[in-house]
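Below are structures written as structure tokens.
You will see two complexes here that share subunit A, one where it goes with subunit B and one where it goes with subunit C.
This part shows the complex of A and B:
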């Protein structure tokens, strides 16, 4: 493998990792705060993608400038977070925080199944492709290989902005600190007057919005069809488990490892491409069962 | 004693009584198809088509005066649910079954149909292995298999691009992707031993992203890129390849792209090879002026707002086979309603015609179906690619002989074999 191929594999890996991170970070945020493994995250991702594609198609057919495809993504993400995520937490999840984990998993899985059918009902079963946003940015040439600006430049930028934005939000703002405090110890936080219910609702809306944003950003690059949510949730779980549940920086690092591992596999030994994310996960968990950045949790008496 | 004798006689006569069939109130047929999941891109149009066709058949007096009644089973629910539903339907009196789209499901259902003693027409699945491994009494296939389809693709490629030097493959990582490449590469090795395979990629089934493969392919610059992918996978691959200019530097060979033409829109540029798993094309050059073809296409487009794709043609062949077998068996039975055994006998050497050329059944129950391939061309009146330089190959010459194994047989072909084939060519 010469330097050119090495760099090509690096580019591909980073572009892929960016998208994986954006989806996984929402999942890990929700888990970190609420201790709920949200299987429905996958369908929020899919709904974000479908919604963006529909909005963009509408805008293009209405004769508006195609650059509006980008605001469509944000609008979809906000809609998924507020209109779908909000009521989900408020009406359903709120009732099961104190129930056993198995029940929590089953409930979010049920939501996942229901939303999958909703997608089929609304958008049908034929694949949808809406790449206006991606085509708008054009391609860039590196070592006689064309990359789309959207995947090679825009997605990694969004991922980095998101990583540092979240860090800043959680560590430097009051709302973020309140969330962190609730994560650390819910009872103690409530004792000093933090409204834990509100924190949970806010976190879930943000997490769901991130899933929607992931779907929105993925939508111009791929066919949107039934089942994309399930695929994404499996990969996100791998990232979140490897990173250590609730670890944002860990999710970024793991997404990068998985992205690079996968792209180097395609260059060196394509047959192992599917295996790589899970090999990385197993390797990390064997050495650090709590994940890369996770810390062993002290048992409460 | 007398009573006992009477009872014995009655029992002995029972099978005879069953032979003198009365016409049933309806001919109950179960159809398995993907109504959910990624392969519903095939199952849903096929179901729409079946409903139109059955309406037409029944409006014309049904099969020998008996109306056809279809019930659908969703293959998307998994093999276990499928076999349970299949069994239940047969035990509730289904007269024949059309199963299935997935090759895996065909492999499961063929022995089951044999056990349940029900006529089963494999109407869409592609695997060549079923009749090559086993003999079946109740199972028939109303279409070609992967061997015929891949060989036709190789033949078309060698005819239109005789001088290519390098090839890469990007197939889905499951039975079809692997098996189709086994046959294709074996045929290529036999017919053009000098061609170099520069890359073999088998991304996960349902993969949302082929960016890395596309970068790799741009670095490799093969003359030909083969992909037997379908549905969302094929759409994504071609779209991403076209966005990044790979479709300008390599010629794509896409044996299933006929089913994606409309969805791909302008993303599939001119000059790429498109196959259709048989002589299936909404603008079939030999059939487009026929009244039955035109009438069906108009109804289908009105109902679904889309052009008919190959599963629609396969469905028409499956139903045509069933109707032809019952008609032939009734004729042999002096116009009376035939028994199941008589229908099975009628399937031997049966010829029938759906929306394509006539199809015939061989002694091993394998269908002999013509193969249509063409080259994509943009810039017509439609917002998606159509086909030009169409060739229709005779199915018999491309199908593995009875009793032989496909990969071994294609490996035994000699360079120059392609020039011996019967081909009808059409400009568009």
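This part shows the complex of A and C:
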């Protein structure tokens, strides 16, 4: 492996890790607070990507400045969180918090299947390309390779800002503290006046919005087609399980580990690129069943 | 102030308390005595809305049986559950302040309530910045009392506060309760305890809870049947 290939693999890995982290952190936030493993998170990611591509295409064809592609991403994320995520929690998930985990998994899996078909109905099965945002930012020469500014600089910046922003939100704002308190002890939280139902709704909207944001940010970098939601939920679950369920900082590090592992596999031994994230997960969980950063008893997000 | 009218309480489908029918007068100090498993905790949790209650629970003249749990502390009820239940991600002071922040009290009210907490429990000021997960069991009880004081302007319910406290700390805790009693004569205190000796000379009224039923009793209730 020469330097060029090494750098390409490194940059690919970083860009991909940033995307996976954004999606995985939403998944782990929802699990940390609500104790539900939301399989439909993958669909929310895919819907975010489709919605962003459609909105961007509309803006470009309407003759508006292409730079509006970026606000489109935010709009998509908010729509996915509030319009799709909000009602999902309120109408469906709220009924199953006290049910056995198998049933919870089945319900979120059913939502996943339904949303997959909704995507086929609305956007068809042909791949969609919409890379306006990617092209807009151009490329940068880093050492000896050219790489897109969007993937090498923008995506990691968004991921890092999100990591620290979320940390700040949870530890320093009242809304965040309320979420942390509910996570740790729902009854004690209610006993000081916290409305747990509202906290769950807020958390799910934020988590779903993060899945949508991940999809929105991924949309210019890839062709959007049926199945991307399934790929992403499996991978972000691997990240979340490896880090320890509910661990935000851990998810960042693990996403980087798995993102880099996967991209180096692509260049060194391409047949194993699908396998590598799971090999990493299995290896970690064999040694630490509660995950790299998880603790067996304490709940934390 | 707080009254039960033909109230039954169950957890899931299991009935725990039945035929509750008694009134706790305002500004009293009530000892709720009963063996482990008699239903003391369930009674307090019923007031907070964590059990299924049929019948009526009235607080300050208002039927609260159907009120959601999150609304009840705002009525002026502070509750310190049996095993502290502090939020370990926060500091001691953050734990104490959180109920006031959730209730959106203005900063002047919040500050005066915090001053009240520090006046009654001065030791909390020294550990204000420590992570709540790192304080000892006894200190944690003090923090839980402080947290309950923030919203507990009318009623404060303490579930087995002396459980597991070293004698010196138990005495300190009792002194703090007396201070509270002396500085705030309007607040009603309900303290559950399995050992009636600890509340002798402190409670103005005693209720005995046995096999899911509550009756007004005297402090000579024997801990174990002989």
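Going forward, the second predicted complex is superposed on the first by the 285 of 301 C-alpha atoms of A that agree within 3 Å, B and C clash if a C-alpha of one lies under 4 Å from a C-alpha of the other, contacts with A are read in each partner's own complex, and residues count from 1 in each chain.
In the analysis below, contacts are C-beta pairs under 8 Å (C-beta built on N, C-alpha and C of every residue); 3 or more make two chains touch, one makes a residue touch a chain.
Predicted model, so just to flag it, every value in this text is computed and none were measured.
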Item to check | Which superposed partner A:191 touches (first subunit B, second subunit C, both, neither) | outcome: second
Worksheet item: Regarding the shared-chain residue A:148, is it in contact with subunit B (first), subunit C (second), both, or neither?
Response: first
With the two complexes superposed on chain A, say which partner A:2 touches: subunit B (first), subunit C (second), both, or neither. neither
Exercise. With the two structures laid over each other on chain A, which partner does A:174 touch: subunit B (first), subunit C (second), both, or neither?
Worked result: second
Message: Contacts for A:61 in the overlay, against subunit B (first) and subunit C (second): which applies, first, second, both or neither?
response: neither
Of subunit B and subunit C, the partner touching more residues of subunit A is B
Note: in the complex, subunit C contacts subunit A through residues 48-50, 68-74, 79, 81, 85-90, 94, 98-99, 101-103, 147, 150-151
In the complex, subunit A touches subunit C at residues 171, 174, 177-178, 180-181, 184-185, 187-197, 298, 300
Seen from subunit A, its contact residues with subunit B in the complex are 4-5, 8-9, 11-13, 15-16, 19, 120, 125-127, 129, 131, 134-135, 139, 143-148, 151, 218, 221-223, 225-228, 231-232, 262-263, 266-267, 270-271, 273-274
Listed in rising order, the residues of subunit B that touch subunit A in the complex are 35-38, 40-41, 44, 173, 199-204, 206, 208-209, 211-213, 215-216, 218-219, 231-233, 235-236, 239-240, 243-246, 263-264, 267
